[in-house]
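Pasting the structures here.
The two complexes that follow have chain A in common; it is paired with chain B in the first and with chain C in the second.
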Partner chain A sequence: MLWRCATSFLLVSAALLAWGRTRPHYGGTLRVEIAEDPWQRPGGIARRLVLDGLTRADASGATQPALAVDWNSENQNHRWQFKLRPGVHFQDGSPLTPIAVVASLNTACPSNCPWSAIHAVGGSVIFTGDEPMPNLPGLLAGDEYLIALTITSEGKPPEGVIGTGPFQVSGFLNGVLTLAANENCWAGRPFAGTIEIRAHRAVRDQWLDWSVGRTDIVEVPPEQMRQAQQQRLNIVSSPPVTLLAVQIAESGSLESPLLRQSMALGIDRSALSNVIFQKQGEVTASLLPANLTGYSFLFPVERDLAKAQQLRGGITPPLLTLAAPGDATMQLAAQRIALNLREGGFNVQVTGDATQHVDLTLREFRLEGNQPQAALESIAGDAGLNPPPPGQGDMALFQSESEILGRYTLIPLLYLPRAFAVSGRVRDLRLNPDGSPDLADASLLDTARGDSSRGDAP
Partner chain B sequence: MSVRQKLLLLFSLTVAGAVAAVAWTVLVRVRQIFDQRDQRETALFVSQFQREFQHRSAEVAAAVDRLSAQERVRSMAFELVQSGDPAPYLTEAQTLATDAQLDFLEIVGPDGNVVSSAQWPARFAYPEPAAAAAATQTPFLKREELPDGSDALGLFAVRAVGGAEPAVHLIGGKRLDESFLADLPVAPGMQVYLYGEAGAPASASPAPPASVAMREFDARRLFGANGAVADAARYQPLIDAARKTGKDANAIVYLTRRREDSVNATAIPLKDQAGGVLAVLAVALARAEMVEAQQRIRAIAYGVAAAGILLAIAFSLWTAARVSRPIEQLARAAEEVAAGNWETRVPERGRDEVSVLARSFNRMVAELAGQRERLMQSERVAAWRELARRLAHELKNPLFPLQLTVENLTRARALPANEFDEVFRESTQTLAMEIANLKTIIGRFSDFSKMPKPQLERIDAKDTLARVRALYEVAGAASPGAAKITFGSEIADEPMPMDADPELLHRALSNLVLNAMDAMPEGGTVTLAARAIDGKIEMRVADTGTGLTPEECERLFTPYYTTRQHGTGLGLAIVQSVVADHAGTIAVESRPGGGTVFVIRLPGAG
Partner chain C sequence: MMAWTWLARRILSGTIALLAVRTAAAQAPANRWQQPAAELAGQIAGILGPGQARLSVRNLSTIPADQVPAIQALLEQDLKAHGVQSSGMESASSIRVTLSENLREGLWVAEVIQGSETRVTMVQVEAGAPHAAAQAKSGLMLRKQLVMETKQPVLAALETQTALVAVEPEEITVLAKDTRGWHEAKDFDVGGKRALARDPRGVISADGNGDGFEAFVAGMECSGSFAGGAESALATCHESDDPWPVFPPVPEPGAAGNPASIKAFYNAARNYFTGVVTPAIGADLPPFYSAAVLPRPAGAALLIGGIDGKVQVLDAGALRTVSGTRDWGSDFAVLDSGCGAGNQVIATGSGEAAGDSLRAYELPAFDAVPASAPLAMDGTVTALWSAADRKSVMAAVRHASGDYEVDRVMALCD
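Up next, the complex of A and B:
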């Protein structure tokens, strides 16, 4: 009996111990290093930690309630009403009101918004548009429509970014942005007590810091994922979320669509994917990835140099400039594209300065959700193109995308994933649909290391 | 030009020519020496460059050899051959090139395509024909295209890695650029430039065709150790010659108009494996030192020449004086003799030809003086004889009637008184008339001996001739029974001023007119003419008489010579005397039966 009791006690203790070891811990400092600005739009890593949207996209890409708990449309999607979540407060303690939401959205989108007017009515926010807005809930989940406090209770602009998110800004020193856990977050307190984000850090330096244990999460560019995997690093990667495309100026020496089509046919996508991006990319001739639409294969990705030269018709435009903002990999990709285009009869010079007039630009477009129509509108908007009127169904989406691609001003090349190397002390790190790390749900195994809010752990 | 001047000029030219010939010879020799020195230095530099080139080639080859021997590279080559996947090695060439300190490095896979390129990372998967050069093991020149559209000249070596076939190749190289030129050993005053041939227009093809026609010279492609060359265009003919022929070319390049700013340049073509000219190395050696030396030598030569010429002039002066002085003395003595100074003699010094000439001259003058004295004495005697004959003749004519009259008077004393009175009266009349005739004859001689000195005044020859014509035209017309003589006139209209004594000139012209009238006893025409010619006034008195023989013409102006029965022979002598006193000349033109023309030329006043 005693032996049974002892055995039972040991088994229960072991189970409790195992459960205690595996359950998320509160507190600790999560250290992140990134190459970009944490507040940049879109994709700034700090934005979704501090700010929330009226809606959000879940891991599958579906739109879920966030600051709005419910919404409905009227008048064939010309009018939308979003009912705000009650009891939500900004991080300075002021309540989230429809007026604050309207002010925030007006600040975020002063012009060319998907809607034509926005009003606060009771506990709701009303969107009205001249055109139907079938994808408005999905659009509002986007990074650019996150809600931030624009005026404090004293009627002054806030001194920093104040939102309703799980973290609030607690300091910025020596290039390190410090975010502290928002105890009163409507979605619950995050696990990590503090997040330190070291921005504008080169990938090589990030890896160096990661190798010596000075950071927990670093970026892994697609072209280095293979190397990272060979080094058996803990890699968290996203589905293809970044579209690499060449945007061609519609004016000047490339005014002719045939010339632009010739250029599109002259680019060797497979070489970009297989060599420069080390087979981590997904070649594409469509704006939306195959996992969103399923029809991506209808757009041929193969290079056809003979047809490209035939379309050029012997016309040799003057020296063209190809801007490639970004890191060395982007420069290399641009050099490769220039080389391909030279074979096609275009004399292209690569420049890193995109501020001056250029004929071609190698750009990256981020997918922020899994809503195809919203993604297409987002890409078209980012490219400065007028998106076709939205329709219903895959055929309408295909036609819209075909219409955009038929202009040959945006040539999709690759879809690239986002990836991060994660240290062993980080648990449950998942990536958002836009490929950014969901730091709010991540926890730390060793909360004592570098923890400035150790006492917050339960 | 005098003998002395001729001698002076001859000596000076001789000396100056000799000095100039020496200076020219020295300058040519100096130029040859400097040219030879330039050629030696250029040849030395070319050999140094070739050694340096070989040294660099060996460095590049050794670097590529070391790379190909690395385990890392061999492993990569093995993986490439096994897997055929070049993707993992995209940046490998950059890393290896940095380690090996190479400017260019390409890894070429077994399929001949670029796996990784340090100089153009985006050029992976494109073919690289240079990998075929691995069999030669010899470094070579190659023009490498760069991503920015430019190209660079490099010294390359190719090595196969692993040795297995198909093999992976490493193509490594170093750039031939400013630093390469800066490392080359150069002599003072020497500049080394490199002209890189332009590549084909932008294309993905890594190797331009060898048969590309020679492009136009581009001054921007010529650079030195310090970058672009300011006077690049001056080197164009030289570099083009090397590019065109593929052989060394040499020329003097003038950078400015000044000779000091010129260089002795040699262009050396650098060729690729196919023999095409990829670049031209230009070695320029400044000629300032040589030009300055030439200028110094030329200045010295000019100074020596000037001094030589001055010395030559001085020597020539002395020599010419020594040689020409006796000749000049002879000339002066000859002039003295010609002027009538028969006592002139030249000194007789030495025994040379000139002294012989001087002695001969003195002897000749002495003999001439003696002959002249004898001639004068003969002429004087002849003149006295002629005078005596003329006086006897002139006096004999009146004396004979005087003698007859006196004899007649003597005989008449025996006659009755009345007859004697008659004879006496006639005789005294005859005596008185003949005595008057004697007085007239004596007066004429007296007048000739007392010719007055001319009182010059400005007159017009036309007026004088007009007065003479008027006088004798009236006189001729008033002589009844005289032969019919007409007067003609051919006097120019323009004024003919002259400085002359009007009375003496009138007298002379009157004598000529009277002679003309006497020469035409049967009548005729006397023509008076005058004209201005060559600053002189020419006056002519012509008749249509019987004319004169040449012998008569020769003696016509001899005093007391006359062709008339009762003439004194002093008329034309007086005319000649008047003309001579007016610094003029008189001549006669005549032939028998053709009339006679007396021509007087007197100085005009204009």
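Up next, the complex of A and C:
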């Protein structure tokens, strides 16, 4: 397990090390194709290009300043003050103010937020909570809490997404979202002059476009990484960032924790990894990947059909439904899981429709950063579970995770990497902690020379 | 706010230095594991109480396998001190220790199994990165010394006997030296309203008295003094589009008076110099990333690393392309080593190889001839400049972790 993790790190490290030997050039158009929506939450590729958070996670998982330059807590983490970076402007020229930040966060999180209240005071934003919020700085680095302009200086909602990030929306035509470099970005003007994102493009079409030089960056799903490597595509891969898990409804015929535990023991994770995901996944029974915690081996991943049947105790629940929203790979994975569960004595039927009541759902949870406590809270929140009790340190994290897993409502199966094939004209492409490509720091080789066509000539 | 930690690992010289490194490397592990082993043993004993237990240790971390027996011995010793006798025989209790790690640190996990109950405890282990010794195989040998480590990007630094001044994107930090190395004495905000640069750059040069400095970052100019010591250093910054002193004055043999420094205008919105210099040198320069003055028998020559990737030398008022620079990155600096031709150009690698490196070259005419083997660096070289005395070059290096270090790179004559 660890060697695969190490391999992923090597790939990422190689990308990191490629930075800066020949200094990056400015200008040019970077073309990207994706299967999903660029604005989807979490992980939409355009979100972190246009928007910034108050904080950000660095490569080691540490929380770093972004739109906030400093923060401190009081009253045993019940109150946090985040001091905003001065001189930052939204892409429409309006200043980033504490009031604008409060408005954005209230829009992003109207209820069930990690905080109870949020206020603008002077040049700071104050968060208060009924419960302690020891991991708030890490949580605010998440995709969910990126800051967007909600009201323009004319008092109207903005047309389109406006943030403080390195790129601004400049058009959307024929399915292509065009982003232009934000010359006044507080973090520096990005190297590429323009990014064109062709969304909702099937992976096979992406690869076809890539092969004829029509695009620079395309997605490589985990189950196709081996094929891409055989075809000698230049691949940049992340550490494991997508958790594949089965969520089990706590009510109805699966109310008994023993039945849910029986299901957890009956799923053959290795077969899922080997057959469906071509050995690219990291088999896991923990919510957080091994590289974040170092203790995931404490949660056994082996299938134990005998114990599963013993726990079921002869009870055969009525027909259960397993929903698998997503692509054909998710459907195949769901079929495999249903087969495993049938062998364990459960009668399970797969459905692609997650809108009806279902007993089980095959879900993907995307890690938004590599701060483990914040990541755990985020997964628990996405799953609609009560957040784990706050704590600091590895042991507290382990106990929080054990408590969530002990409910047997979320059964982790695999951790999958994100990967992209990159054309030879792109350099310094790194992946963010959530596995998305960091296009703001990527540059193009063929613009060296100053890209006079886009006004980047010296 | 900044977390500076300074180390001054000064290797003595040549073979002695390599031996010292190897000896230290061999002795370090046992000492390094004592504290976490004692801590974990204490926690295990707290769960288990005095008695006998079977201990097993497995390694899932990057700790070399040959160090695991030493760790197991330490654990057995520490458990014994707490009254827990490690036994190879069948025992009612067993302790399964896993040496693991995560992105941030090592993690040693103990599973204490008593009957059907398993209890878990764990300790953090500080991550340590082995540092390779510099090696070379031909010509002169490049060697690096760690000057300092920091969380912040270092764009340039000036080291004197009494102070080390580091230029960062948003701060100038003055460091004082004590017996343990450099420590932060004072820092000054650079200020300014300009947005940060994504590939920030800066320069610093000593003033005429040697107890002050002049530093530039995009759109800002700072000057300061440490005449009263680093602890009482002073610095002020103001917005400025003035040219940067990128060509330090090089005395010509037999020439009278102090030569003037040539300055170059920096494009503060990008990461390169515009090509406009002052005073004018009688030739139009292209936009460039790096420039250096290379002493030659016929007179100092100007070496330019253009943004088009070409390395050119200004010869008799005309720019001529230097061949053999295909492996060069964007940064280079001149080193007066006294070896071979007397001075060399130290250039970063182009990025074709797997890791970043520095290599010495000589330019007898218009060809760059390798004069050393590549010196592997512990990350990406983000800035490179000649030290004030030009007897060494300084390199800012970013680790994969995002932390930075500044290294001094010197040459040993072969």
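As a convention for this text, the second predicted complex is superposed on the first by the 426 of 458 C-alpha atoms of A that agree within 3 Å, B and C clash if a C-alpha of one lies under 4 Å from a C-alpha of the other, contacts with A are read in each partner's own complex, and residues count from 1 in each chain.
Everything that follows uses one rule, which is that contacts are C-beta pairs under 8 Å (C-beta built on N, C-alpha and C of every residue); 3 or more make two chains touch, one makes a residue touch a chain.
Keep in mind that what you see is a predicted model, and the values were worked out from it rather than measured.
In the superposed model, A:220 makes contact with neither chain B nor chain C.
Applying the stated contact rule after C-alpha superposition, one finds that A:339 touches chain B and leaves chain C untouched. Contact with chain B, but none with chain C, is seen for A:274 once the two complexes are overlaid on the shared chain.
Once the two structures are superposed, chain B and chain C can be ranked by residues of chain A touched, with C on top. When both complexes are overlaid on chain A, the residue A:441 reaches chain C alone and has no touch with chain B.
Applying the stated contact rule after C-alpha superposition, one finds that A:236 touches neither chain B nor chain C.
When the two complexes are overlaid on their common chain A, residue A:347 makes contact with chain B while staying clear of chain C. In the superposition on chain A, none of the residues of chain A is touched both by chain B in one structure and by chain C in the other. Those residues of chain B that touch chain A in the shared complex are 86-88, 90, 120-126, 147-149, 201-204.
Those residues of chain A that touch chain C in the shared complex are 2, 6, 13-14, 16-26, 58-62, 70, 87, 166, 183-191, 290-295, 297-298, 370, 372, 393-395, 398, 427, 440-441, 448-450, 456, 458.
Residues 1, 60, 62, 98, 100-107, 109, 111, 120-122, 124, 193, 195-200, 267, 269-272, 274-275, 287, 289, 307-309, 329-331, 348-351, 354-356, 379-382, 398, 400-402 of chain C are the ones touching chain A in the complex.
In the complex of the two chains, the chain A residues touching chain B come out as 226, 271, 274-276, 278-279, 332-333, 335-336, 338-340, 342-343, 347, 349-350.
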